Amino acid sequence: MADETPLLDELEKGPWPSYVTEIKRMAKKNAAAKDLLGIQEQSYKDRVTHWKHGGIVGVTGYGAGVIGRYCDSPEKFPDAASFHTMRINQPAGWFYTTKSLRTICDIWEKYGSGMTNFHGSTGDIILLGTTTENLQPCFDTLTEAGFDLGGSGSALRTPAGCVGQARCEWSNIDTLGLIHDLTMEFQDEIHRPRWPYKFKIKASGCPNDCVAAIARADFTIIGTWRDALRIDQAAVQEYVKKGLDIQELVVRRCPSEALVWDAKTQELKLLVDDCVRCMHCINVMPKAVRPGIEKGATILVGGKAPIIKGAYLSWVLVPFMKVEPPYDEMKDLLRKIWEWWDENGRTRERLAELIERLGFKTFLREMGLKPVPQMVKYPRSNPYVFFDR
Amino acid sequence: MAEVTDELKEKVIKYLETVPHAKNRDVARALGDEKALVDKAIAALAKEDKIEYIYLGASFVKLKGKKMVD
Amino acid sequence: MGRTDIGPPDFHEMLPDVIKKNYGTWKYHEIPRPGVLKHVAESGDTVYTVRAGSPRLVSVDFIRDICDIADKHCDGHLRFTSRYNIEFLTPNEKNVDLIIADLKKLGLPVGGTSPGISNIVHTQGWIHCHSAATDASGLVKAIMDEVYEHFVETKLPNHVRIAVGCCINMCGAVHCSDIAVVGVHTKPPRPDHDRVVAQCEIPTTIQSCPTGAIRRHPDQSMKSVVVKEDLCMYCGNCFTVCPAMPLADAEGDGVAIYVGGKVPNARKPPMFSRMVIPFLPNRPPRWPEVVQAVKKIVDIYAANAKPYERVGEWIERIGWEAFFRRTEIPFTEQHIDDFTHAVETYRTTTQFKW
Amino acid sequence: MGRTDIGPPDFHEMLPDVIKKNYGTWKYHEIPRPGVLKHVAESGDTVYTVRAGSPRLVSVDFIRDICDIADKHCDGHLRFTSRYNIEFLTPNEKNVDLIIADLKKLGLPVGGTSPGISNIVHTQGWIHCHSAATDASGLVKAIMDEVYEHFVETKLPNHVRIAVGCCINMCGAVHCSDIAVVGVHTKPPRPDHDRVVAQCEIPTTIQSCPTGAIRRHPDQSMKSVVVKEDLCMYCGNCFTVCPAMPLADAEGDGVAIYVGGKVPNARKPPMFSRMVIPFLPNRPPRWPEVVQAVKKIVDIYAANAKPYERVGEWIERIGWEAFFRRTEIPFTEQHIDDFTHAVETYRTTTQFKW
Amino acid sequence: MADETPLLDELEKGPWPSYVTEIKRMAKKNAAAKDLLGIQEQSYKDRVTHWKHGGIVGVTGYGAGVIGRYCDSPEKFPDAASFHTMRINQPAGWFYTTKSLRTICDIWEKYGSGMTNFHGSTGDIILLGTTTENLQPCFDTLTEAGFDLGGSGSALRTPAGCVGQARCEWSNIDTLGLIHDLTMEFQDEIHRPRWPYKFKIKASGCPNDCVAAIARADFTIIGTWRDALRIDQAAVQEYVKKGLDIQELVVRRCPSEALVWDAKTQELKLLVDDCVRCMHCINVMPKAVRPGIEKGATILVGGKAPIIKGAYLSWVLVPFMKVEPPYDEMKDLLRKIWEWWDENGRTRERLAELIERLGFKTFLREMGLKPVPQMVKYPRSNPYVFFDR
């Protein structure tokens, strides 16, 4: 391979930290990383990828967690000829001790390219590039150290949640506790793909949705509250005194006209029934407004990217669910969904697409859930109604 | 545009003898004639009471008196 | 065989003491300066967070570097965010400057808090994926260099979430981002008949195509498929199930730009991103056209949106026609939806701007 | 043969002098009282309009009666509105009371101006249509009797357009009305095999079904069709093309109620009406359940909407869940769309009310 | 037949004028009307219709304008055994001289049941109920008197327009002149059905759309203006003085935040570029605000009821078109649309459904129109884009 990387070198300029610099750091001591650099330069020259589909690679007993990958020019880049990825299930909330991180680094430097993604966009730690032979020993060493693989293929994918109650005052549910519990409960579903296609679970502690759960999880858990948000009037006045144009920036932006600012009494009034818990007033005045105290979550289903039928945002399924260990209600619902989907789904058909094909009504019946208006933006406009007679 | 000739009208009638009913478009396609001209020919034949219109969820022309459904 | 199904480490082991102690009882937060958060608990305890940018694709030595900082100032704890940034947590206010100083030494920017531009959610691209129509890491680097000021400062109307997906699988929340850059193919797949026989299931391959563009090869003896090119919209779904149908092409591949998506339920409900530039060429290493387009959209948004308006909310207020007029982006056939729910996107009112 | 294709009379011949003179130069209008309009032209000329309700289905003697009034007070001119009301135009203010007095003698109500309830746009029903699932004229009479006060007074937040369609062909702007009453079948068609052979084209009949519920009769010799009942949603499209497939049924037929549609571009863009009551039985002569449902919706709207809010705008502001809660109308499976663009109607946000 | 109509009699009670009374008036002197009353009572008793499909009935040379109808109990109701409807094309704007109305009444009393609809919901005068034999003589007498049939079947349907410049200060186009001109130009298209399905044209003089053109016409013409609406500040102040809460009821309701009320100077400011001509401020203050002076129309296409693919509101096709006699641009566009639709449409496929099936892009190309953002609510969100290469 050529040692020159004139194109990539351009990407070492500029203020943002450079991934090229990172590959070069590893390339100095790791042959696979060196070939990765070469392949990337080659792609920049040719403007096409030089990777091929992966074959069947993995670790014993698992069908997930490894993405096989081969280079299309093995003669040129022998040390990255096979360059498989391992997905390592992150600790909930992406919290680490330096000890645990250093352990992973040492293992990966030994068995792989030394290149990583912290993190993959599902949430796993991505260990980028190793050989088929090294997969099993690397895995064994990782489990020794207390780490395990995440999901891939037609399996449950590694669940993820926002930082939640660990460092956020707005979290209505213990996202980390929940995500960890679900991950442990469903190890088999994560590691042994059995379904029509992938299935993702994400949990955000409030409607700000800091893990984009509504956009990229088949099962979306978003913390919410059933009572009134709490307003500290003195703190509100403090914000106003400091120059916040509360009428324009808070009251007017409330999507459901649930707030009234009484300029005379300097009081922010809430029309409790009208609040749709959008978080905006809370976001603007974190010291003055807080979520209510009767906490739980809204469960939505179906979020996904465009393949095949188009992108979906998740749909409200359960407006309010209490979320407390052992999370039985949620687990039952998940199992019911999987059973129905596995029974009826076509290959590569995500949950949303199946619901669309068989109808929300059928889905609700199968789930044993009653229809409620919260499930729809608006009722049907067409008159093509089925009745059971 | 060309004028409607007796030959054309005759061709339209000949064609309509072969089908229970038809759309102007289908007549024009079958005859290979310009549709606007066939429209005119059909209008003329309608005024001559040689063809009539029927409605089966959509409108069609047919020879006057011909059976509606095969 | 070693142990299996042990799952991830329990996060409790990973939490700093101040977090463990005040878990679930945080009261409010402030953002004293860009990249620094201050959370105060009911107990009166405080935790400071310093957020640093990361290229995401990093060597193990990078991880060791940041571990050094965490060992020095954070009792050996750190976390990452859902957008790949690194967060250093400490109860001691005086550590904040020390952490920032050490990050500076590593060349890592401190920032990413709202209302600015945080790290770009992105994907593998030419680094690891067979499906890529562009590279992700390079685009991210080029764009972040250009909008760097918005990472280290917080002067936008609201945060602008940028995402890069290297093909239309859109790994990430690309379809709901303020600005999304998506790799696209624009040439149909070229079935390699010999390999189709060996590597692909014909019925599965035919079935994989959303538009029904794939047919059996007319020559039965070929045991392969042909593509009706006028029906193909280059989604690559066939290539996913049949490796013998590559679509990658140096000229045909490039990126599209989508804008106006959002995820939060704050104010307006979540929105999809929508296509504003159908195609820009792949010009590695720095994709100048793409970077300039992103920059221009950010600038015009920054100058015109009202406080708290996300890009999509701003466009919804001024109207898409005004967006195209102000950005001088040409409106083309490609902008008009023609997929399943296309008719829902046509304008059914006389309300519009000239 | 007589003349053909002469077209309608030229409207110019039909215009009163004051209209002819000020055509295109009207300046403003006022509504001095319900049912009376006053339009003032640039020239200073004024025309008064008195609007009267009509049952629409009228005898020639009714037309002669109103012609008598027009001859007496309007120089022999009158017009009808797009909602079947009769308008008497006069430049003389003093004629207004005379016209109203004469209308009173005929028993015709004066009103229909905004913000009230004007005449109900409706259709043939059992009076003339083979397709009807309910009667239109009877429903209209029963509903107008009940909401009569809103025809003769103008005390609603905005006008409420009511429409009746006697089957889902919805002849009229039923699909965009504030309140729409639509005749529905709820039993599948019953093919009369002997008549199918004689009267229907089998392929056309099969093709007519939007859900593919119609199949060839398994017994080839029958030359008829069968209906897969679980796929049928009673649209009657097959009956339109094949008279031998009746769906009318004394028990199965009834009406559905839709609300929240609007046509104007004022404030919110035009909206479709949406189903709120899937089925109420046909109870001629006065359809008490239907009348009460309409009344209730009008009352709750009147009490809660803000000035100028149409029913649909009001519901959009408070949310459909609040609408169902306040009206105490049960929400059922039938409310959830399952047709082509169903997914566009599912709620993709955590924003909702309890 | 029975003379008793106990059910219908109920509908003679109450304040709203009764159609039953009207049928009874005619029934006294007309046998067909009498049987109509009987059939209606029968339907009220049986709760089903007693009408059957019509066969082939019409007048010579036309394929439209008559709706055939037969009663299913001819033995019981012989005088309404055949009870066909004639659709008479109304004068534009539904203006009449009493002379012309009386003429129609006399003709219909002679040849038909004497029952009418003023008007049908497309806009025609509906003459309800005559026999097959009477159709031609009735038609001949009507044309003698200057009236002609309207559309039905797979034809152009009778065009209709709002009262427009005849009595409305807001009309941006001469709806009556336009509708009359189009009706005269397209007599052949109205009277001789040749297309895949029906086609409707409606024109409203402004975006209030008083003929519901956007909801029920395949070709929707809505008057609009290209410049700024005109504000008479003195008249605005007059409204405010009389108690109008202009901030709440006008400014806040403006859909595009194009109005600003300066309480100090008592001035209503318009941000011209932001106004989307919704009419609201004009509707509330007709004496103070008026449309601009550079007038024309927006052309939209596709509006229709639910059969078969669902209801559609019309879609913007031409944001602004000058509308002046001889209306050539509009007629050319109509002819182009018909040609494309007739060539490509399936039986019973309306224009909107064809556009949906073949794509808006194809439609625009065929029409020779350039895509503009005004055509869409928003651009596509899915990445399934076709390119011509």
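Quick notes on this structure:
The letters A, B, C, D and E name the chains in turn, as written, and every chain counts its residues from 1.
Just so we're on the same page, a residue touches a chain if its C-beta (ideal position, glycine included) is under 8 Å from a C-beta of that chain, and two chains touch if they have at least 3 such contacts.
The model shown is predicted, which means the values in this text are computed figures rather than measured ones.
Contact with both chain A and chain E is made by C, D. Think of each touching pair as a link: the shortest run of links from chain B to chain E has 1 of them.
In terms of the distance between Cα centroids, chain B is separated most widely from A.
Separating the CA-averaged centres of chain B and chain D is a span of 37 Å.
Distance between chain A and chain B, defined via averaged C-alpha coordinates, is recorded as 64 Å. For this pair, chain C with chain D, the centres built from the Cα atoms lie 49 Å apart. Taken residue by residue, chain D touches two or more other chains at 1, 4, 168, 170, 175, 204, 208, 210, 235, 237, 240-241, 265, 269-270, 272, 339, 341, 343-344, 348-351, whereas all remaining positions touch fewer. Shown for chain A are the residues that touch two or more other chains, namely 207, 214, 222, 255, 277-278, 306, 310-311, 313, 381-384.
Counting partner chains per residue, chain B has residues 47, 57, 68 touching two or more of them. Applying the touch criterion to all chain pairs gives A-C, A-D, A-E, B-D, B-E, C-D, C-E, D-E. Every residue of chain A that touches chain E in the complex is listed here, in rising order: 306, 310-311, 381-384. The touching residues of chain B, when paired with chain D in their complex, are 47, 56-57, 68-70.
Chain C contributes residues 265, 269-270, 341, 343-344, 348-351 to its touches with chain D in the complex.
Residues 1-11, 13-16, 19, 23-24, 26-30, 39, 47, 49, 53-64, 67, 70-71, 76-82, 84, 86, 89, 107-109, 121-123, 125-132, 135, 137-138, 140-142, 144-145, 148, 151, 168-176, 204, 208, 210, 235, 237, 240-241, 243, 248-250, 253, 263-270, 272, 282, 284-286, 307-308, 339-341 of chain D are the ones that touch chain E when the two sit in their complex. Listed in rising order, the residues of chain C touching chain E in the complex are 168, 170, 175, 182, 184, 186-187, 210-211, 230, 232-235, 252, 256, 258, 260, 272-276, 278-279, 317-324, 331-339, 342-354.
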